Amino acid sequence: QETVKIGVINAYSGQFADPGAQLDAGITLYMQQHGDTVAGKKIEIIRKDVGGIAPDVAKRLAEELIVRDKVDILAGALLTPNALAMGDVSAEAEKFMVVMNATTPVIITKSPYMIRTSATASQINGNFGTWIANQGVKQVYTMVTDYGPGIGSGTAFEEAFKAAGGEIVGQDRTPVVNPDFSPFVQRVAEADPEALYVWVPGGTQPPALAKALAERGITPENTKIYGQGELTDDAALEALGETALGIITAYHYNVHRDDAMNDEFVEAYRAANDGRDPDIYSIGAYDGMAAIYKALEATGGDASGEALINAAKGMTWDSPRGPIGIDAETGDVVQTIWIREVQMVDGKPANVIIDQVENAK
Amino acid sequence: MNSLETRNLNKAFGKLVVADNVSLALPQGARHALIGPNGAGKTTLINLITGALRPDTGSVQLNGEDITSLLPDARVKRGLGRTFQINTLFPQLTPLESATMAICERDALSGHWLSPLAKHGAAIDEAYDLLGRVGLADAATKPTRDLAYGQQRLLEIALALASSPKVLLLDEPAAGVPKSESAALFEVIAGLPEDISVLFIEHDMNLVFSFATSITVLVQGAILTEGPPDQIAHDPQVREIYLGGAHHG
Amino acid sequence: MDPKSWIRAKARISPYEAIFWIAAAVIPFVFFENYLSLAASVAVTALFCISLDMILGYAGIISLGHAAFFGIGAYTAGILSARGWGEPISGLLLAAAVTAAVGYIVSFMIVRVQHLALLMITLGLSFLLAELAISFDQFTGGSDGLQGIDTWKLLGIWKFSLWGHTAYAYALATLFVLFLLARRIVHSPFGLTLEAIRENPVRTTALGAPNHAHLRKIFTIAAAFAGVAGALLAQISETVSPEALGFQRSAEIAVMLILGGTGRLYGAILGAIIFMIARDQISGFYLQYWYFWIGLILILVVLFLPRGILGGLERLARLGRRA
Amino acid sequence: MAEALLELRDVRAGYGDAVVLDGVSFSVSENAGVALLGRNGVGKSTLIQTVMGFTQFLSGSILWRGREIQTVKPHLRARMGLGWVPQERDIFRSLTVEENLTVVARPGPWDVKKVYDLFPRLKERRENKGNQLSGGEQQMLAIGRTLMTNPAMLLLDEPLEGLAPIIVEELGDAIGRMVREAGMTLMLVEQHAEVTLGMTDEAIILERGRIVHQAASKDLLADHATLDRYIGLNIGD
Amino acid sequence: MSTLIAVLFDGFSYGMLLFLLSVGLSVTLGLMNFTNLAHGAFAMLGGYVTYALVESAGWPFLATLPLAFLATALIAAVFEAVLFRRIYKSGELNQVLLTIGVVFASYAVAAFFFGTVHHSVDLPDYLKGFVEIGDLKLPAYRIFLVIVALAVTAGLILFLEFTRFGAMVRAAVDNDKVAGGLGLNINAIFALTFALGSGLAGLGGALAIDILFIDPNFGFHILVPVLIVVSIGGLGSIWGSFLAAAALGIFDVAGKFLFPDFGPFLIYLFMVVILFFRPNGFFARR
């Protein structure tokens, strides 16, 4: 039996090990549920650890995967710089590549053999900016993390918000390694804006920021708070309690969305991961694997870059996150963006979907 | 012209005055001893002369040139050499390497970063020769830290000699060297060319009185008296403060 | 033994060395063709390690921020290429010149401090540079890394490909040339003086050595070496990101150097080879937990091979001769 | 004659794999003074350090008040009453003079005040850090510091080196008094053979790590031929 | 006005957190001269002890703090006896490498037992939210941090300056051979000092959870700020660390408040400049 080898380049250690672990769990779960054979080919995963942001290492690992391990497909790409470096290799070696997480828009242009199954910064935040302006909000203060994804998201948000008639009254960038949000929160308190838009990477920062806001009395009661979904993930909600009520976020995946397919996915994921919930990393990888499987089925097992990319482009399917597809021109993901508000559900704060933007690009 | 001269040197550590208007002159070829109670400021004076310490006021002249504002290494380049009271050596290097290094530095070879050391055979030979003269030939290729204390003292002196100083400052060179060998050591020092001036600190009066041609007594940072050996040996004040009763001159 | 031959013996090229370099040139091409990318990156790292050995092993300057120069070299070559001039060798030379200049300026600071202050200042400088690299994103591509590097054919003939033939040959040749240079430097009178300064700066001053001038010189040279290493990596991988300047890279080469043994140049090379191959192999097996094994190796090396693998081998050889 | 306080039996010791002492045996009885003489590098310091437990002990035995101590840790030997004054002074550089004294203090007749009486110079410099002392002051401090541990036996490794003649004289007297009046036992390494022999009862001469001569100090002082042969001293000229 | 006070208080209390995390290093690195980069790993250990006791055993937060100190001190003493003791004289670089090795290993061990995800602890209600003083809103937990920091400072200064212990440690560091030869039990002294320093790290780690959270990277994370505090404060000076931490906290917070675009740049610049002119920090002991 022939095999199709997938080389996964991911952060398994270091600062980004946690999202890396979630991403990997998404891959594993998909294969558990759908078996390791597609179109008569056995699927084999080869995992490599880049250990963090290290494009030179990512590039070398990608080269080695192709030269040494003879992989047919490159996947993973948790972090933008690494994804960019992998893109070069995909283009040169003419191998199909699936970006399972990195959200910077430009990545997709790096290789004609690339698709993305996560989201893009502009897809979520651009649509969100328009939505907020349409709600009648006039002025927003923005606060985003000072690195690629943060700046990309912030810019997408601001452009869309301004295009829809809004005004940006303040702009702060917080350091990537940020142990203390208090000075930035004090600046917001001082400016006392109508609304605040924040973008911080998932992990320790959302609860830390949310806490810093609450401790200084900035709550949705007096200032509207908007952000990308991470801001109100479960850890943050737990740390915040009732003070989080009213925060509105936009996201492409909602763990608690009431949907049969999602329920089944979450349950299986929890069972496989000591009760832990899936998150965007998990779903990005899960759908990434789905895309690979479906494309291989369509090509009848032909794993060449050319065949796979042609099969993948324009594909659509149903995912636990909702309807999803691959843009026939760019290879980027097309999906629904969910707008959620924190509300009390069964005595606990939870993200409740209040609106949605369909077929967002 | 004196080869070394200090003019009204003053130095205090906080309230403690360690150099009190010290004016000292060393004519060329001098074999001059500096003695005085412990803590009188002898080592400090050497540190002031070599530039390891900066004087509060006063100046230092070397062969007529004012060197007060020069850095220590520049003073060495002008012919000032010293040893340390407490061994100050290169523990991992061998005596041969240490002495070769000193000679290379003296001959301005240390800037040569692209020619192999072995090409500078003359420097190595000279170093080996020098070690032989102070009795370290056998220990030349052992790491310094494995040498006995007395051997390290000898290396201390060899290194000072390696820079071919015109004025040599020795801080208790014979401390830790047995009597027999310390005499031999002083023979080496005494046998240095006539034009080299030597200032040495020593608490062994036998050595002081047999090798010094003149002596300065330093007490609490100030010069108490100066003169030829027999005068100092019989000076009642010096006897009381420093020599004690055991020395009969 | 006659003193001159004793000193000369320390600097003589032994047959083992010739074997080593021939092996390095042949074995990867013949037996490990699939590993050429890794081999190229080992050669680059070995060069970087040698640079650290010159200041740390010989001159005793401990730096936790040496990657600053690696990164500057990488960005210099990278930006040059991204702006349209991708000729590799001139890129190396420019990187060497730029890093030497920066190294010279920084050296005025470095030579004045020791111990913790030295560790922290070198660390701080590399953090500062990384921040600058992130801030000046119009030149550097910010935290996403520099895009658009395109390395031209080596000597107009050999293309840099996925397989890494050109990359390895290029990196190895550069390493070899610079190794010979480093070897010459450490066996020169200047090299001896550096060791003496490392051992006891007070005494070298008293022997007339201008310590600071000597140290500035070696620091500048070492910076240029590190810059060339960085430039090599940028050209071979066609990427540079602020991580090139980061603490992790500085720490890793210190680890490799200690592992191999300081103050002997080959320690740097050996350390790079062993560390990088071990990591490549271990991280393949223990994705999440390879840090544990690296940590353990570090601990064991410091405890049982405090003078590195080469130091340990030397001791064995001495014991063997005596027995 | 009192029971031996310290006894070495056929001791072999050195550094790493270099054997420095070979087959050294002797004993020191309570309240006696022993001089240890010999040229440079014959192993005098090594002998003292072996008694303290700082060298590689290879074979033989060391007895303290009849008990074998060669496996006992150095600090416990010190607490048993061995008082070592290292040759290189080794003042605690970052401690003040007074801290240098108090930090090792153990109860007994010697206290800070008595040390200051012995070395008035130290009292003047009591606030100075250890590394800001003159060579001679460091030597005084090294001796004073060891006295603060109130030892039963002093092991002095060239304690007079670098001291002014008048201090040498006073210190010599003081040490003599300690032995004679305070019941202190003494082992003394010195270059000044006359002074050393004057302060001790017995003398041992080492050569290449072996004992080559043992005699009463008085006799040795008169035995110019032996002194000349092993130490190269020409006393009296 | 009240914003100014709030910013200053935020800075000061952040500084106190830094102080609590670094004071132990001021003991192990400053006093013992042991370049202990594993400090962060011990802080992490203390943090996990508190986390485990609060979340799994249901202890009240305050009650876990002494245990975070003790458990860390005990384990550190074992490490000292088995590992660190052997390299006190091997030079800074070897110490850096071995202790970094410990941090690497601790990362993997923590990831194994507690997962890569970050954890926080549930605080008692009286430490949550803010305390209103006039129109000033000060976070309750930060007030608590300041109080603990002041208590630790006072206790340590009393212990190290007014007992012979501090001098014994310095003597043992200056020359362990001679200190031993004069009857000081240097092994015990070093073990105790190291346990004290690391215990303080553990306490700091436990106290830091609420602000920094705890995950396997904690040991790496806090290392640089902590080293900055100790090096600027001056080796071995508790008081120096205190002032440096306070100054750094205020400088950092106020700097980011006033010039948010400079990010961490200012702190590194501050450190490099200070160390260049005062290589031994402000209150160097040696």
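By written order: A, B, C, D and E. Residues from 1 in each chain.
One rule holds for everything that comes next: a contact is a pair of C-beta atoms (placed from the backbone, for glycine too) under 8 Å apart; a residue touches a chain by one contact, two chains touch by 3 or more.
The structure displayed is predicted, hence computed values, not measured ones.
Student: Through how few touching steps can chain A be joined to chain C?
Tutor: Graph distance in the chain contact network comes out at 1.
Student: Counting one step for each move to a touching chain, how far apart are chain D and chain E?
Tutor: 1
Student: Compute the distance, rounded to whole Å, between the mean C-alpha positions of chain A and chain B.
Tutor: Between these chains, centre-to-centre, one finds 74 Å.
Student: Let me have the rounded angstrom distance from the C-alpha centre of chain B over to the C-alpha centre of chain E, please.
Tutor: Between these chains, centre-to-centre, one finds 48 Å.
Student: List the centre-to-centre spacing of chain C and chain E in whole Å, with centres computed as mean CA coordinates.
Tutor: Each chain reduced to its C-alpha mean, chain C and chain E end up 33 Å apart.
Student: Round to the nearest whole Å and give the separation of the Cα centres of chain C and chain D.
Tutor: That gives a centre separation of 50 Å.
Student: What positions in chain B touch 2 or more of the other chains?
Tutor: As it turns out, chain B has no residue touching two or more other chains.
Student: What parts of chain E, by residue number, touch at least two of the other chains?
Tutor: Chain E, residues with two or more chain partners: 107-108, 111, 116, 263-264.
Student: Can you pull out the residues of chain D that are in contact with at least two other chains?
Tutor: none
Student: Every touching chain pair, please?
Tutor: Listed in label order, the chain pairs in contact are A-C, A-E, B-C, B-D, C-E, D-E.
Student: Quick check on the complex: what are the chain D residues that touch chain E?
Tutor: Going through chain D, the ones touching chain E are 52, 54, 73-75, 78-79, 84, 86, 90, 92-95, 99-100, 102-104, 106, 130, 145-146, 149.
Student: Show me the residue ranges of chain C that touch chain E in the complex, using the header's touch definition.
Tutor: Within the complex, chain C contacts chain E at residues 56, 62, 64, 109, 112-121, 123-125, 127-128, 131-132, 135, 247, 251, 254-255, 258, 262, 288-292, 294-299, 301-303, 306.
Student: Which of the residues in chain A come into contact with chain C in the complex?
Tutor: Within the complex, chain A contacts chain C at residues 12-14, 17, 21, 47-49, 51-56, 59-60, 63-64, 66-68, 80-81, 84-85, 88-89, 92-93, 104, 146-148, 151, 176.
Student: Which residues, counting only chain C, touch chain B once they are in their complex?
Tutor: Where chain C meets chain B, its residues are 1, 3-4, 6-8, 11, 184-185, 187-193, 195-196, 199-200, 202-211, 214, 217, 221.
Student: Applying the document's contact rule, which stretches of chain E touch chain A when the two form their complex?
Tutor: Interface residues on chain E, with respect to chain A: 3, 6-7, 10-11, 14, 107-108, 111, 115-118, 120, 129-130, 137, 139, 141, 211-213, 215-217, 220-222, 225, 252-257, 260-261, 263-264.
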